[in-house]
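There are two complexes below, and they share chain A, which is joined by chain B in the first and by chain C in the second.
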Partner chain A sequence: MAVNWLRTLASRRSVPVFPVLGMQGDELLQQLVLSPDIELVDSPRHASVLLVAGEIPADRFEFARRVHDQLPSPFTTLWFRGEPWSHLENATRIDDLDILPTALVTAYSELMEGRRESSPRILPDKPPNPWEGEGDFGQGGEGMMGGVPYGRPMAMNMENDIRDGLTLDSLTFRLGPFFFAFPPGMSAEITLQGDLVQTWQTQLVPYPQSLDPVFFTARERPVPIAEIELARARHHLHRLYRGLHLAGLEGASLSALRLAQNLSTTSTLDGLRRYLSRSGFFRLAAIKGGELGPEQARRIGGPAARAAGLDEDLRSGDAGYRRLGFSPVCQTGGDTCARWWQVLAEIDQSLHLARQAERDDVTTSELGRIETPRGPWCAKRPEDASALFDELLPGLEWGDALATVASLDVAGLADQPVGTRPSGESRAIRGGTGNDV
Partner chain B sequence: MELFAFLIIMIMVLGAGLLVQWLPMRHQPRPSWAQRAPFLGGGTPDSHAWSRYHIRYYSMTLLLIAFEMEMMFMYPWAVVFVEKGMKAMMEMGMFLAILSVGIVYAWREGVFKWQ
Partner chain C sequence: MFSELFLPVLMVIFMLIVGGYAVAVLDRLVASALGTSQDGGIWLAPMARGAWLLTQHANATEAPDWRAWRLAPALYLALAAGGLAVVPWSASLVATDLVTSVVLWGSVEALATVVIFLHGWSANSLLALIGGYRYVALGLSYILISMFVLIGVALPAESLQFTQVVASQAELWNVIRQPLGLPLFLIVGLGMTFWGPLNLADSTDLAGGTASEISGPPRLVWDMARAAMLVAFSGVAATAFLGGWLGPWLPGPLWMAIKMLAVLFVLLLLGRLLPRLAPERCVTLMWVVLLPLSFIDLVWAGIGALL
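Up next is the complex of A and B:
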C-alpha cells in the first residue's frame, strides 16, 4: 500500500523530461520550458520520459539509442513529429504541439501508476569489452593497471600538458550530439588534461537552424521593419536563454524566454538587463575567455563579428534603416563577455528600431541582401562555422569552453523557415524511418 | 532499560526506512551496462575517468600549511615574550625574516598566480 501511495505521489510531480533533439526540435523546447507541468532535465538519469523531438538523421541513430538506454527504469518514450522506431512497442507519436504537454503528463502518470509498461532496452546488456574473470585477480587483464576493468581501459594515455609540459593522464571522449550545452546535433571528440581542453575536434556539425519566415519574405519583397526586428530580438532572446541556463541562472533564463514569447513593440529590456547585472552574470570568470581574432570573427559574421569590433551590418545599406538613423552597435573585446553584451545591445536596438518603424510605418527596401540574426545573407546563406571551435577552444578551461560554445551562434541557416515540416523526400535522404536500427 | 528501548526503536525506524526503499526496488533488475556508462550526450569515453592530473593550487596549499604552522609557534612565544622581552622579539623577527625569504621565492616562482 505504501508503494501505491508513493507511486501516486510521484505521478503528481512535474514530469521530468529529457529531450533528444532532432531537426527543428529546439523550437518546441522553448514552448515546453514555460509549461508548469514539465521539467526539462539536462541528463537522462534524471528523466522518466524521453522526448524525441523532430526527425533524427540516420547518422545520429546510434547516439540516440545510447541515450535511450541510459534512462533509469521505468521510463517511456514520446516521439514528436518523428516516426518511432518500429521495435519500440509502446512509443507514442504526437504531431500537435498544443496537446504535447498533456500527452507527456498522461504518459508519465500512466507509467507511475503502473498502467503503462516501461520502454524496452535496445542495446545488448554487456560491457564495452569482456573483462569478468580475466587476469590473475579477475580484474580484466594483465598487470595492476592493465586490462579492461569493468570493460574499459584505465586512463594511461600520457600526454604533455599544453600549459607547462607536465606529462600526465589525459581523458579522451566524444560528447554529443544530444548534450544540452551544445548546439542541437553537434558532437565533438575532446581530450581533457585535468580541467583544460587539450584538443577539440568537431565531428558532427550542428543541425541547420531555421529562422522566422519574415527573413525569407524580406528577400522577396519589402516587409515592415517592425516585424523583422521583433523576430531578430526574439532569436537573440532564445540564445540568451540557453546561455543563462548553462550559467545556472534559471530565473533569469526563464524571464528571457517569457520576454521572447510576449515580445511586442512596447516591450523593454530594462528589467532583464537589471536582473542580469544583479545576478552577477557579467562578472562570471567563465565568460572571460574565447576571444575571436579578426579573421575568425569575419568567418562567423553577424553579432559575433560586431562583438569583436567589426563594423559590418547589411542593414546600413538599406534605405528604410537609414531613414530610422540606424548605425551598427559594436563591442571591442571579442570574448564571450563582449558577445553577451552585444546580444543585449542588439536586442535593445531591435526593440528601439521596431518602435520607430511601427510609428513611421517603415519597410525594408533592400532585397536579396539582408542581415539575419545569424549573419549577412547575400548570395549564400550563412554557413556552419562549428569548425571554428577546433582552433578556438584548446587551451581553455572546461567551463570557459562551454561558455564560449554557448555564446557563439555557429549553426548554418536551414533552407526553410521555422514551422515548415521537412518534406518526405528530404527525410528519406537523411535516413528514413529508423527501421534499419 | 531505557537504552535498550532506544536501541529497539532505532532498529525499527531503520528497518522501516530500508523497507520503504527496498519495496519499490525489489523487482527492478540491475542497471544495464549502457546505464552504467557516463552520460556524454550519446558519445562514448575511451577510458575510465580515473586519471592523474595536476592540482594547480597544490603549491599554494603547501605554502598555506607552512605559514599556518608558523602561527602555531607564535602562541608559546607570546608567553616567553613577557619573560624575555626584546631578546625574544629579535629571535622571532629573525625567524619571520627567514620565512619571508620563502614567500619571496614562492612569489617569484608564480605560486600565487591562479591558473
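Up next is the complex of A and C:
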C-alpha cells in the first residue's frame, strides 16, 4: 500500500531521461529540453527512461548496451526512429517527434505505477574484464606496478607533468560515445594527471551533423537570405545552449533554446548577451585556453577560424550579401572565450542581415559556394575536424577542456539535411541479441 | 531527561526535514522566477522527487568501496545535523548550547572535506573521483577564510559560544560592525556546500561529480544532506552576522527563521545567476583576494574589540 502510494507520487515528477544519441538523434534534444514534463539528465544513473534516438552505428552498439545496463531499476527504454533490440520485449518505438514527449511521460507513468515491466539487463553482471589477481599484491600482473587489473592500466605516473612539475598519478580512461559533453558519437582515450589533461586521443569521430534544409536548397537555387540567416542563427543558438549548460548557467541555456525556437527577424540577442556579460561568464567560467593557431583554424574553418582572426567567409563573394553591406565579423583571440564572443557576434549579425534582407527581399546569388554555420562548402562539404582535439586539449584543466570541446563545431556535415533518414554510410545493427559480448 | 536528550534530537530532525524541504521549494521558486523550467508544482515536486528516489534501486559500480560509499551520504547528513544542533533559535531554544559551538562548526567544515572526498573516491568511478579531488584541492582555502571570519565575530563576544555571539550583537549587528564578514562568509558558504558558482565537486562538467554514480535512497540522503548543510550554514551566518534571534515585535525564533530564509535566498539566487567558476580561478580568488580580505576583517574586528 505504502509502496503504491510512493510510486503514484513518484510518477508525478518530470520524466528523468538519459539520451543515447544515434545518427541525427540530437535534433530532438532541443525540443525535449524545453518540455516541462521532461528532464534530460547527464548521467545514466540519474535516469528512469533511456531514450535511444536515431540509428546507432555498428561500432557504437556495444557502448549503447553498456549504457543501457547502467540505469538503476526500475527503468524502461524508448527507441526514437530506430529499431529496438529484439530481445527487449517491452521496448517501444516512436517515429513522430510530436508525440515523443507524451510517449516518454506515458512510459514513465506506466513504469512507476507497475503497469510496465522494468527493462531486463542485457549484459552479464560481472566486470567486462575479469580481475586477474596475479602478482605479489594481487595487482593483476608481474612486479609491483605491472598489472592491468580489469584490463585497464593502473593509475601511476608514467609521464612527467606538463604544467608545473608536480607529478601526480596519471589516470587513463575512455569516455564516450554517449557522454553528454562530447559531440554526439565521439569517444576519446584520455590521460589525466589530477585535473589536467595529459594526453587526448579521439577514437571515434562524431557523427556527421545535419543542417537545416535551406543550406542544401541554397546550393541548387537562390533562397531568401532572411531564411538562411535565421537558420544559421538557430544553429549557433543550439551550440550556445550546450556551452551554457556545461558552464552551469541553466537559465541562460534555456533562454538560448527558447530564442532559437521562436526565432524571427524581430528577435534580438541583446538580453542574453547582456546577461552573459554581467554574470561573469566570460571572466569567471572555465573557458580559458583552446587557442587555435592559424593553420589549425583554417583546418576547421567557419566561425572558429573567424574567432582566430581569419577574415574568410564565402558570403563576402555573394552579390546578395554584398548588397546588404556584409563584411565578416572576426575576433583575435582564437581561444574558447573568443569563440563564444564570435558565436554571439555571428548570431547578432545573422539577425541583422535577416531583418535587412526581409525588408529588401534579397536572395542569395552564389550557388556552388555556400558558407554554412559549420564552415565553407565549396566542392566538398566541411569535414570532420575532431582530430584537432588531440593537439589542442593536452595541458588544459578538465573544465577548460570540455568547454573547448563545446566551443568547437568539429563534426563534418552529413550529406542530407535535418529531418531525412541517414544514408548508407551509417548502417546500423538492428536487433542485437545480448549474447554476443 | 526529555528536555536534555529527546527534545534536542527531535529539534534537529525537524530542522533537517523542514529545512531540506524549504531549500528545495525556495530553489524552485527562484528558478521559476528566473524563467528556468521546472518540473510539476513547486510544492509537490520535491516530494515527488523524493518518492522517485525511494522507489529506485541503489545501483552498483564496478568494485566500489561499499562501506564508504554507502556511509558517506549518511555521514554528510550527520555533519549537517551537527551544524544545525548548534544554531540558536533564541537565548534558551538551542539544541546544544556548547561553550565551544563556533569550534564545533569549524570542525563540521573540516570534516565535510573528508566526507565529500570519501563519497567521490569510494564510487571507484572516474568523474566522481575528479569531483572528490577538486573539493579537497579547494576545501582548505574555504576553511581558512571561514576560520578568520568566525574568529572575528567571536572577538566582540569574548566567547566561542554562538548564543554569546548573538548577545554581543544586541547594540549593533556584526554585519555592520564588520562589513567584510558576511560577504566573505557567504562565499565560504557557497564553497563549503559546493553550491552554484562554487559547485566544483558535483558539477555539470562531471555529469554530477561525486553524485554522478549514485541512484535511489543513497542519492536521496546525499541530496537531503546537501540541502541541510545549506540550512545549517544559513543558520550560522544569521547567528554570526545578522543578530540571530534579535529583533523587535516578533518572537525570536521567527526572526531567526526570517533571517535564515533571507541568507538561503541570497545563496540560491547566486547559485542560479552565476556561472561555475573555473577551479584555477577559484583558487586564485580565494588565496589572492579573499584570504587577505579576511585578514583585514580580523584586524578590523580586533581593533573594534580593543576600542
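Heads up, the rule we're going with is that the second predicted complex is superposed on the first by the 386 of 437 C-alpha atoms of A that agree within 3 Å, B and C clash if a C-alpha of one lies under 4 Å from a C-alpha of the other, contacts with A are read in each partner's own complex, and residues count from 1 in each chain.
One rule holds for everything that comes next: a contact is a pair of C-beta atoms (placed from the backbone, for glycine too) under 8 Å apart; a residue touches a chain by one contact, two chains touch by 3 or more.
Computed from a prediction, not measured in an experiment: that's the story for all the values here.
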A:347 in the overlay: touching chain B, chain C, both, or neither? Say first, second, both or neither.
neither
Is A:251 touching the first partner chain B, the second partner chain C, both, or neither of them?
second
Check the residue A:13 against both partner chains and state whether it touches chain B (first), chain C (second), both, or neither.
second
Touching A:176, do we find chain B (first), chain C (second), both, or neither?
first
Please indicate which partner A:51 is in contact with in the superposed arrangement: first for chain B, second for chain C, both, or neither.
neither
Please indicate which partner A:194 is in contact with in the superposed arrangement: first for chain B, second for chain C, both, or neither.
both
Under the stated touch criterion, which partner chain does A:166 make contact with: chain B (first), chain C (second), both, or neither?
first
Contacts for A:91 in the overlay, against chain B (first) and chain C (second): which applies, first, second, both or neither?
neither
Answer with first, second, both or neither: which of chain B and chain C does A:29 touch in the superposed model?
neither
Show me the chain A residues, by the header's touch rule, that chain B contacts in one structure and chain C contacts in the other.
3, 6-7, 43, 45, 70, 72-73, 127, 150, 171, 173, 175, 179-180, 194-195
Taking the complex as given, what residues does chain C use to touch chain A?
31, 34-40, 44-45, 47-49, 51-52, 54-59, 62-63, 126-127, 129-130, 133-134, 137, 196-197, 199, 203-208, 212-216, 219, 272-281
Listed in rising order, the residues of chain A that touch chain B in the complex are 2-3, 6-7, 43-45, 60, 62-64, 66-67, 69-73, 121, 123, 125-128, 149-157, 161, 163, 166, 168-180, 182, 187, 193-195
Chain C-touching residues of chain A, taken from the complex the two chains share
3, 6-7, 9-14, 16, 34, 36-37, 39, 42-43, 45-46, 48, 70, 72-74, 112, 127, 131, 150, 171, 173, 175, 179-181, 192, 194-195, 245-251, 254-255, 279-281, 284-288, 397-400, 402-403
Write out the stretch or stretches of chain B touching chain A in their complex.
20, 23-24, 28-29, 31-56, 115
